[in-house]
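Residue numbering begins at 1 within each chain, and the chains themselves are lettered A, B and C in the order written.
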Amino acid sequence: MEGGAEGEHPREGGVNPMEWRRKHVLGLADFSTEEMEFVVDTARSMEEVLTRDIKKVPALRGKTVINLFFESSTRTRTSFEIAGKRLSADVVNFSSAASSVSKGETLLDTAKNIDAMKPSIIVLRHPASGAAHFLSRHVSCSVINAGDGSNEHPTQGLLDLYAILKVKKKVKGLKISIIGDILHSRVVRSNLHSLGRMGANLYLCGPSTLVPKEMSRGGVTVTNDIREAVRDADVVMMLRIQLERQKTAYFPSLREYSRKYGLNTEVFSLAKKDAVIMHPGPINRGVELSDELADSSQSIILNQVETGVAIRMALLYLLAGGYGASH
Amino acid sequence: MKKSGKKVILDAKGVDRVVSRITHEILEKNRGAEEIALVGICSGGVPLSRAIQKKIRSIEGVEVPAGYVDITLYRDDLSRAGYQPRLKRTEIPFSIDDKKVVLVDDVLFTGRTIRAAMDALIDFGRPKNIQLAVLIDRGHRELPIRADYVGRNVPTARNETIGVIVEGEPEEWKVVLKESTPGKGE
Amino acid sequence: MLLIKGGRVIDPESGRDETGSIVIADGKVKDFLPGGDAPRKFDGRVIEAGGKWVLPGLIDMHVHLRDPGYEWKEDIRSGTAAAAAGGFSSLVCMANTSPVNDHPEVTRYIREKAASQGTANVFPVAAVTRGMEGKEMTDFAELHEAGAIAFSDDGMPVRSSLVLRRALEYARAFDFLILEHAEDHELSEGGAANEGWTAHRLGIPGVPAAAEEIAIARDILLARQTEGRIHIQHISTKMGVDLLRMAKRAGLRVTGETAPHYFTLTDAAIEGYNTNAKMNPPLRGEEDRMAILEGIGDGTIDAIASDHAPHDEYTKRCEFVAASSGIIGLETALPLSMALLAGGKVSPARFVDLLSAGPARILGLKEKGSLRAGADADVTIVDPEAEWEFRESDVRSKSRNSPFFGWKMRGRAVAVLCRGRITHSLLKGVDPDA
């Protein structure tokens, strides 16, 4: 997909190659590449709204978007909140301090209560894989998966795609390396679809305890050597090393981890001269990413955040902005 | 959609003459090109606004600013549309404050598109006034909206459509009137 | 007096597979009459069994009756009704009730309730350790006297090898049997489905095959060390079958069972986060399924047992990792096992062995698993050609957690007798005894 011919003269939309038929956004596994391109395209229009003085359009006026977050996440939740408000939706936040992944009672009962309030969209983040799929079977409104266990984080996958397109104009043929806790990362799993299926040359790197062997299916290269991953890369994406998950250690210590798998200037010099650095956030500075790289001009981490709002606006619009009411 | 009646209302020459007349009317009413800004409504109004911009340039020797606005996010009938309104682009790369903004569209029908366009414009700034130029006015207004400059009045039945082709070379532009199956929106 | 007339009597223990009639009186099998005709003077009830198979009553040696303690999921009455509908005349129920069956009172409760309300013979299994906590042995002898037929902490493994060693050694003196749920908890912890491609794709934490394999190896080697007897429950892995085969070749006193879902389904069934395909041990890969079929065919696996695990809808209607493990199985075990006959690898005699004679042998139920004269009149009459659909509305169990609804089945139990008493009948004119 070729990206960003900005300021291009808009053509008549009478020939509509894609019709949005989706009621839910549960994962990119069942998105076609056309659908992913369509969302990015829609996000482009949304971005223009974000450059105005009055950053608001009435497209979702009177519609209710509920953020149902069972895992704490300020940044994703805020991003969805801003996205909804820019579209004039009424956004409501429910945070449920999830204890352990305990009885589904909490999820099902909460869902039914919320559904009774007739929202247009529920945005769900939950520690159990498949939670969004489960929810979508028990509510009547649309469901957007904002991260379910270690399954998928589709909006992140799409915003990563768009962020790369903005800077690199294409994804096909790029060497994109993702480094860190691959095993537990739902971001990686969504990116396999948004980047991998769009033609990127993906490298997944981490200690062997954190990179499942199943990942090497489907044309992805798996390596335990960060230098191999970074060498000649166009995009280097670092993942947060999940301290919270270390019940029985997957690696001996953070010190050892950051020495072997952290990105510093010396290792990054192996990448292409115009390579960019990404990170889904929040960053463990000094562990997976050095301070200077996090703040360098080659980091597009903040662009990812900006892009995230546009992508989420696009999805909210597509689910509830028009087609929504008729199904 | 195979059509029985397909009547050419304006051929390329006819469109060109009408655009010239509208341009002269705009310049006359506003006493020149100062303070004028053109905003075409996507999609049909955009090439028309560019055509008007070009004619002003050749008549007055002045380049008036021109932009375009996509009103999809401002529609009041999204849920009823029955088809997927694809987003286009809005680009107004100049300030509209204190400008006389001339909205340009191809067909004026119920008036809802114009209402949405005005809502969008207000979010961009505070123009001195807003005027409306349309190539065709086909009647059936549902809101109290009128055009300042009209290329041609074409009274129509509800089941007829006006087809405005303003793509490609100006030599290929034309306006046709045809019967159609209802329900495809404006 | 009762005559089961003219069916194909398949009784491997007596070496019999021929058309004939079974004479029943006073709850015992009295005689076998070859051929299809009734004796001239017979004034008892006659059950016409022409075209049907007449088998020694089937025995399900792995059932969770949930009674006492979880009666909303199942109780002794509904569980035995499900057993009878499924073709079983006897069942063995596990100890993970509430309170745990680690005390003779609980054992007696189960036996008594089954005797008065049940429609199948119920043989309770008592826990190996108190409270199933894996620390202290229960009173094996006293529990046995109260009616416990074997010992198992099923639901859990006996975690400590030392504790299991002691239990095996102690049981040896009485020739008691320990049934072991083979699972290394540390390896399986947090897992909800077989560790493999499907779970990976769905983002579900996996249970590695090694969790079962390591436990089976340990159990076999402890049996060897102690010269004791052990029975491995619900084998789901290829290596598990291989280990059992190796143990038998080495002459060890180890037996093993599998459940119908392990040779019918694979982990592909969890697609769409289907919680009715979640059980412990989990459904494995195709390679494992084939190995289990192989093990059934070559005699490595001694018995098929359903591991009937009823759960209320509430605990299944949630996200996959939070759902309860287990499916009901009493009413589908027979037809799913009969599918084994299609390939030709399993003969009808072997089929009977897997579901009746084998369990009887393993558990020391001398009067069961056979239709020889003097055996208990436990009979299962099967229509091998019956084609039917397994529907939710037909289920006798209180619970509905099954992945087999809507399946077209072939083979059905049309009548079951328990010590001469008809507990189930789909035959016209033959009604269950009150």
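One rule holds for everything that comes next: contacts are C-beta pairs under 8 Å (C-beta built on N, C-alpha and C of every residue); 3 or more make two chains touch, one makes a residue touch a chain.
It should be emphasised that the depicted structure is a prediction, and the values quoted were computed from it without experimental measurement.
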- Chain separated most widely from chain A, comparing mean CA positions: C
- Which chain, with its centre taken as the mean C-alpha position, is closest to the global C-alpha centre? A
- Starting from the mean Cα coordinates of chain A and chain B, work out the distance between those two points in Å. 39
- Cα centroid separation, chain B vs chain C, in Å, comes to 78
- Task: With chain centres taken as the means of their Cα atoms, state the distance from chain A to chain C in Å.
- Result: 47
- Note on the structure: The answer for chain A against chain C in the complex is residues 29, 101-105, 107-108, 126, 128-131, 133-134, 148-152, 186, 189, 212, 214-215, 217
- Partner chain B, residues of chain A touching it in the complex: 7-13, 16, 18-20, 41-42, 44-46, 48-49, 52-54, 56-59, 87, 317, 321-326
- Note on the structure: Per the touch rule above, chain B residues touching chain A in the complex are 42-44, 46, 68, 70, 72-75, 78-79, 81-91, 119-120, 123-125, 167
- Task: Flag every residue of chain C that touches chain A in the complex, lowest number first.
- Result: 196-197, 200-205, 272-273, 314-315, 317-323
